[in-house]
Structure formats: structure tokens, C-alpha cells
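Each structure below is given as C-alpha cells.
Two complexes, one shared chain (chain A), two partners (chain B, chain C).
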Partner chain A sequence: MNYLRRILTIVGKDIAAEIRTKEMMNSMIVFVLLTLVIFNFAFGERFEGAAEASAGILWVAFLFAAVLGLNRVFVHEKDEGCLDGLMLCPVDRSVIYFGKALASLIFISVVELIALPIFAIFFIRTIFLANLWLLILVLILSNVGIAAVGTLLSAISINTKARDLMLPILFFPVIVPILIAAVKSTGLIISSPSFPEDVLVWLRMLAIYDIIFILVGFLTFEYVLEE
Partner chain B sequence: MPESATSLISVRGLSKTFGRRRVLEDIDFEVEKREFLAIFGPNGAGKTTLIKILATLILPSSGTVCLDGIELKKNPLAARERIGLISHESLLYGDLTAHENLRFYGRMFGVLNLEERISHLLEKVELEHRKFDLVRTFSRGMQQRLSIARALLHEPSILLLDEPHSGLDPHATEILDGILEDLRKDDHTFIMATHNLEKGLNHATSVLILSQGRTVFGGRKDALDISDFRKTYDGYVGSHV
Partner chain C sequence: MRDWIQRILFWFSLIGIIVSIFMVFFYAPIDRNLGIVQKIFYFHLPVAITPYFAFLVVFVCSILFLWKRERRWDVIALASAEIGLVIDTALLVTGTIWDKPTWGVWWVWEPRLTTSLIMWLLYAGYLLLRRSVGEEARRARFAAVYGIVAFISVPISFMSIRWWRTLHPLVFKPTGIELEPPMIFTVFVCLIAFFFFYLCLLRQRIGLEFLKEGIEDLKDSLGGG
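Moving on to the complex of A and B:
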């Protein structure tokens, strides 16, 4: 119980700081909306009926926006020396990992929820409301993987000189399986008025990668912080 | 060196290497309860690394550290409950208020009666009137005072100080020294790393000089000839800066 309470304390602190500064969310929201608008002007009509291409646009926008946010996960801790403050707390290092990952998950999800209606207006011509819950499930599963791996890699990159460059270089190759599964499943969902059976394969893949990434983060975060 | 029955902190054969660079080599010392150990040394002597190891922030490459009978490597969580760190960095979040910072750290340490404790500490460091102000609006001296409140939240028995006077104006230094003197009456044990000889000797009951990662001098202050000690220290600072 204490373990969970301390994770939530870190989440609460990050949310309070973000509400006050808005520096992470603002840049993510502006980026994702601009990307969707530019793609709409460039390819709008040509994407009619090309659900998978639309899904690709959506996830490219989401992923790059997520990187913007993930780059800042440990910035305050590093720049203000608060990482040492966190590490002085009598808690397992994994509490810091899960607290930071959960906060990132919330920020990424909020940005996506804001961007999703804009995406629907620009790129979706079919009615997929019946499958909306499925799309939300895809978003949640994908975001869990993105936050899990992104938080770990952000902690690694924060100690490097070119930290803003380092995260994307480390992050994108690792996240490819999640990106493929997210694009494929989103494409199936937005193109089908009924339940797309094929989506289950991709959902299973997302869930497996989430478990792997969470386990890797849980087991290695201590060494990342201390070295 | 046999371990003293009353020693609260015991460091044995401590070494630390970063890559090929040896930062600390075979450090041994003991600190008794209520003692104030001042660790002197020029820049790059390994003082901050030693404090970080004692604070469980980095792992030693070899050797053992026991705090209050707890071996750091084996039970770091229990050790952290006994440690408070005051560093030249405040370890505070600039975008949170003084109260929010203390509440955050208090919850992370599982402090009971947290609100009372926060009020008591803010009063002690004379920041009660600024408790709802963002920390980034504080002067360096005020941040350092709040940092003391943060370090004392969980009532640690051991206080580690890493260049706590760094960047403070004379008034803020005076306030900090006053708080440290008050804390000495409350049964705390101190280890302070500093290159400020005056400040260190003013508070210390024992001294240690580190140079290039090695202990080159150690002893009780009351057994020292201060002018000889200054010459010894100046020799190391002069030759290794």
C-alpha cells in the first residue's frame, strides 16, 4: 500500500508542477495539432479510404509528441538536483520509475484525447463509433508501452551531453514493434463499421510488449539511476 | 583499526572508481554519536563522492559503510531513513511552493503528523511567511534554509553536509550556522565536506583531509595544533588545486 501511495505522490507532484508550468503539455499539444493540420493540407483528399495511411499519420504525430514530453520527464530532477532528492527517499528505485512512467502515461493520454477528435474530422470518413472503445484500448496499450520504455530511456539519456538528441535515437528503434501494432490495429478499427477480428492479434502483441517493457524498466531502473 | 563500540558511522576500505579514474582509495574512518566530522580537501579530492556514497546516492566500488549498525549496501532503505542531506544544491522543485516541496518529501518519507512537522520546520528556518510562494522566487539563502527543513523532515539522526555554505551571503551564512548549532544540541551527528577551513573548524569535533581520493590527515580537533593543521591543509590545497 505504501508502495502505491508513494508512486501516486510522485505522480501528483508531476501533475501539480505541469499544471503550473504547462511547458510539457503545451508543446506536445501544439506539435500534434500542427502535424495533423499539415498532413491534412498536404494529403487530405488522397487519404479517403486509406485507413492504414491515416493511422500511420496519427501515430507518427502521437509518437513525436510523446518524445517531446518524454525528453522532459527528468529535466526538472536533473536541472534542479532533485533526482538526488528523490533517490534519498527510503523507497525502492522502482517507485520512482513507476511514478514517472505513470505521470508520462497521463500526459501522453491527455494530449491524444485532445488530438483524436481533430484527427477524426480530418481523416476519417467511415463511422466507427461502435469501435471507439477498441480504439481507446489500443491507445491505452500503446501508451503504456511508450511511457514504460520512454521513461527508462529518458533516465538514461538525461545523463548524456546531447540528451535531447539521445532519447529519439534510443527510443525509436525500441518502440518499432509497438508502433507497428498500434498503426495496424488503428487502421483496422477506423476502417471497419463492425468488430474487426484481426485486431486481436495486434492487441495481444501490444499487451506482450507492454509486459516486457514494464519488466525491463522495473528490473533495470536502479542501475540506470545509480550509474 | 578496531571498531569503536560507540561509533555511529563506520567506513572501512572504501574505494570508488569511475571508469579508469580512481576517485576514492581505501578510506577508513569512524564517527561517534553527536560528533561533527569536517572533511576538508581541495576541489577534486573526492569529498562530494564520499558524501554521495554515505547518502546511498552512489555505490562504492569496494569497502563497507555502516550507519547506526546498518550496512549501506545490504539495507539502503533503512539507512536512508536515518540520513538527511544538505548539499550546495537545494534538491527542491522550483515550480512547487515551499509547502508543496516539504509535503512531497514528507509523504515520500512517510512522515507522521506531516502538517505539524512542516509548520514547525518552516518556523525554525524562518520561512513560515513564504510557505505558499514558489521556491524559484526564493533567494539562494532562503532556498538553503528550506533545504535544511527538507533534510530534517523525517528527523534523521545523521546529517550529511556537502559545501552547505557555498554561494551564501554573510547573513544567510549566519542563519545557517545558527541552525547548525541548534541542531547540535538535538543529538544529531554531522559529517560536513567543505573547502572552507574556517567554517569547518568552527563546527568540527574531528577533522579529515582528503587529497586525490586518499586520507592524508585525520584526528580529533581538540588534539590539533590549529596553526600546524592550517599549514598542512594549505600544503595540500596549494599543491593539488
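Moving on to the complex of A and C:
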């Protein structure tokens, strides 16, 4: 129980800092919108009403925004010397990992929830709200994987010379399974008025990915923040 | 001792590759359906298997490094990643050449092809990461963590790409190639030759890295010049 409370303390700290500066969220939201608009110009009207294809647009926008946010996870800690303070805390390194990952998960999810209705207005003509809960489930499962991998890789990239440039290079190839599963299941959900059976395969894939990479992050994070 | 092993590896891989080339062109029969193009298969299969093995070595050495903190594991991981990436490049090149006559197009987003490409990107990222960290101890730790993450993601990527494709009707079915016994024997020889070639390169690269370190030490002892 104590472990959980320590994690939530770090999450609370990050949320408080974000509410005060609004630095990360604002740019992420604007960035998602920009990506959607740019896609509209790049593909013309080819995707209008084509729900399955537009799911791809949605997830590319989400992933890019996620990278933008994940890049910032450790920036303040690093630049203002707070990382040393965080590391001096008498807590296990995995507490820092889970705290940071949970905070990123919340930020990414909020941005997505704001962007989702706008995406629906822009790209989908007929909306099937019957499976909205399923879509939320897909979002949560995908975001858990994105946050688990992203937080670990963000802690690595912040300590490299290339910094912001490094994260996408490390992050995108690892996140491919999430992208495939999220695009496929989102496409199925928004284009089907009834419960799409095929979506179960993808939900299972997302869940397996999440479990594996939470475990990997938990086991390896202490080696990233060492010194 | 080191030279002795290296020499054996060198001659084994040299003779092995010469023998395999001869076997590919003069011993194995020409494929009835695909003709001469099928010859590329004998080198395609070894270069397809070797990167997996090379990246498995990166993965195991990464774990060993984090556990034991011995520099040699990091050096082996680096060497194996570099060689794996080069052989993976050869795989992608021979793969596209092989695709054209068999499937009619240069590239198909088929699970094995796509996985090789993603693997290429993963380990290109691995090497870029190494170049982007100046301090040695930190570089080794970061590389080890990414070496673990990258390798674990490969089978999941493969599965996801497979499901992604098979939920659709399969347009391009890689038809199972019926192999004559001489063909099997040839590909077996090629595989062994390539494995020795990999080991030879690996050992050479590890030696090079330690040599580099020796030079740095010498420079330091000469007064930081």
C-alpha cells in the first residue's frame, strides 16, 4: 500500500506542475489538431467517411503527440536538477518509473479524449457510438503500452547528446505492434454498428504487449537512472 | 591463443564460402519452376537466420552486462549488433531481388520481410543511441537496456504483422519450395559457412574494440595527448 502511495505522490507532483505550467498539454492538443489538419490536406477527401482508413490518421496523430509529451517527461527534472532530488528520495527506482509512466498515461489519455470528438467531426461521417466503451478500452490499453515503453526510453534519450531527436528513433520501431493493433481495432470499432468479433484478437495483442513491457520497464528502469 | 582461434575461423569461413559458391552453381540442380534465380535462396536463407542469431547475442550480452558489469559483454553486444545490422541489410537486398521473380513485385508487406525491416530500424537506433552517449559506463547501460527492449519487441512485431495480414485474404502466398536432397545439402553447407563467417567477423570486431581501448590507454599514459 505504501508503494502505491509513493507512486501517487509522484503522479500528483507531475499533475500539479502541469496544471501550473500547462506547457505539455497545450502543445500536445494543438499538435494533434495540426496533424489532423495536415493529413486532411495531404490526402484530400480520400478518407472522408472511410472509417477504417481514417483510424490510421488518428493513431499517427496520437503517436506523434505522445512522443511530443514523452520527450518532456524528464526535461524539467533534468534541466532544473530535480532528477537528483528525485533519485535521492528513499524510494525504489521502480516507484519513479511507475509514477512517471502513470502521469504520462494520464496526460496522453486526456489529450486523446479531447482530440477524439474533433477527429470524429473531421473524418467520420457516420458515427457508431454503440461501441464507445470498446474504443475507450482500446485507447486505455494502447496508452498503457505507449506510456510503459515511452517513459523508459524517454529516461534514456534525455541523457543522450541528441536528446529530443533520439526518442522517436528509439520509440517508433518498438511501438509498431501497438500501432498495428490500435489502428486495426479502432477501424473495426468505428465502422461497425454491432460488436466486432475480430477486435478481440487485437485487444489480446495490446494486453500482452502491455504486460510484457511494464515488466521490462520495471526490471530495467533502475539501470537507466543509476549514478 | 587469440590469433590461433581467429585464424581458424578465418580459414573456415573463407573455404566454407568458396565451397558453398561452387556447390550453389555446380552441385545443386537448377529449380524447375524458378530457374536460375532460385540460386539466391542459398545465400538468402543464411543471411535470414544470422541476424536473428546476432541480435539474440546482443540480447543475452545485454542482460549479462547489466548483471555482471563486465565490459566484455558490452563489447560483444556492440560487435554483434553491427554485424547483425550489416547482414540484415544483405537480407533485405537479397529478399527484394528474390521477391521480384517469385511474387512479381519488389516489396510485399509480408510478416517476415516487414519484421526484417523493423529489426533493421531497431538496431540502427541501437547503434545511433550508442553514438549519442559520450560517457562510457552510461553508454553501456543505456545500450544494454535498449538491446533488451528491442529484442523482446521483435517476436511481438512479427505476430502483430502476421495477424494484420492474415485477417485479410492472403494475396501473396509464399509457396513452399520443394527441395531436392542436393539442394538441402547445399543450403546446409551455406548455413555453416555463414555461421563461421559471422563468428569470424564478431571476433575481429571485438578485437578491434579492445585494440581501440588499448590505444586510448597508451595515449593517456603518454600524458593525455
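The rule we apply is simple: the second predicted complex is superposed on the first by the 219 of 227 C-alpha atoms of A that agree within 3 Å, B and C clash if a C-alpha of one lies under 4 Å from a C-alpha of the other, contacts with A are read in each partner's own complex, and residues count from 1 in each chain.
Going forward, a residue touches a chain if its C-beta (ideal position, glycine included) is under 8 Å from a C-beta of that chain, and two chains touch if they have at least 3 such contacts.
Bear in mind the structure is a predicted one, so any value in this text is a computation, not a measurement.
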Counting only touches as set out at the top, which of chain B and chain C does A:A16 meet: first, second, both, neither?
-> first
Partner chain in contact with A:P90 - chain B first, chain C second, else both or neither | first
Is A:H76 in contact with chain B, with chain C, with both, or with neither (first, second, both, neither)?
-> first
Go through the superposed model and pick first if A:R6 touches only chain B, second if only chain C, both, or neither.
-> first
More residues of chain A are touched by which chain, chain B or chain C?
-> C
Answer with first, second, both or neither: which of chain B and chain C does A:V176 touch in the superposed model?
-> second
So, does A:E226 touch the first partner chain B, the second partner chain C, both, or neither?
-> both
Contact residues common to both interfaces of chain A (with chain B and with chain C) | 226
Touching residues (chain side chain B, partner chain A) in the complex | 52, 55-59, 77-78, 80-81, 83, 85, 87, 89-96, 100, 104-105, 107-110, 134, 150
For the complex, which residues does chain A have touching chain B?
-> 2, 5-6, 9-10, 13, 16-17, 20-21, 76, 80-82, 84-92, 226
Chain A partner, complex, touching residues on chain C are 66, 118, 121-122, 124-125, 128-129, 132-134, 137-138, 141-142, 144-146, 148-150, 152-153, 156-157, 159-161, 163-164, 167
Touching chain C in the complex: which residues of chain A?
-> 149, 152-153, 156, 159-162, 166, 169-170, 172-174, 176-177, 180-181, 184, 198, 201-202, 205, 208-209, 212-213, 216, 220, 223-224, 226-227
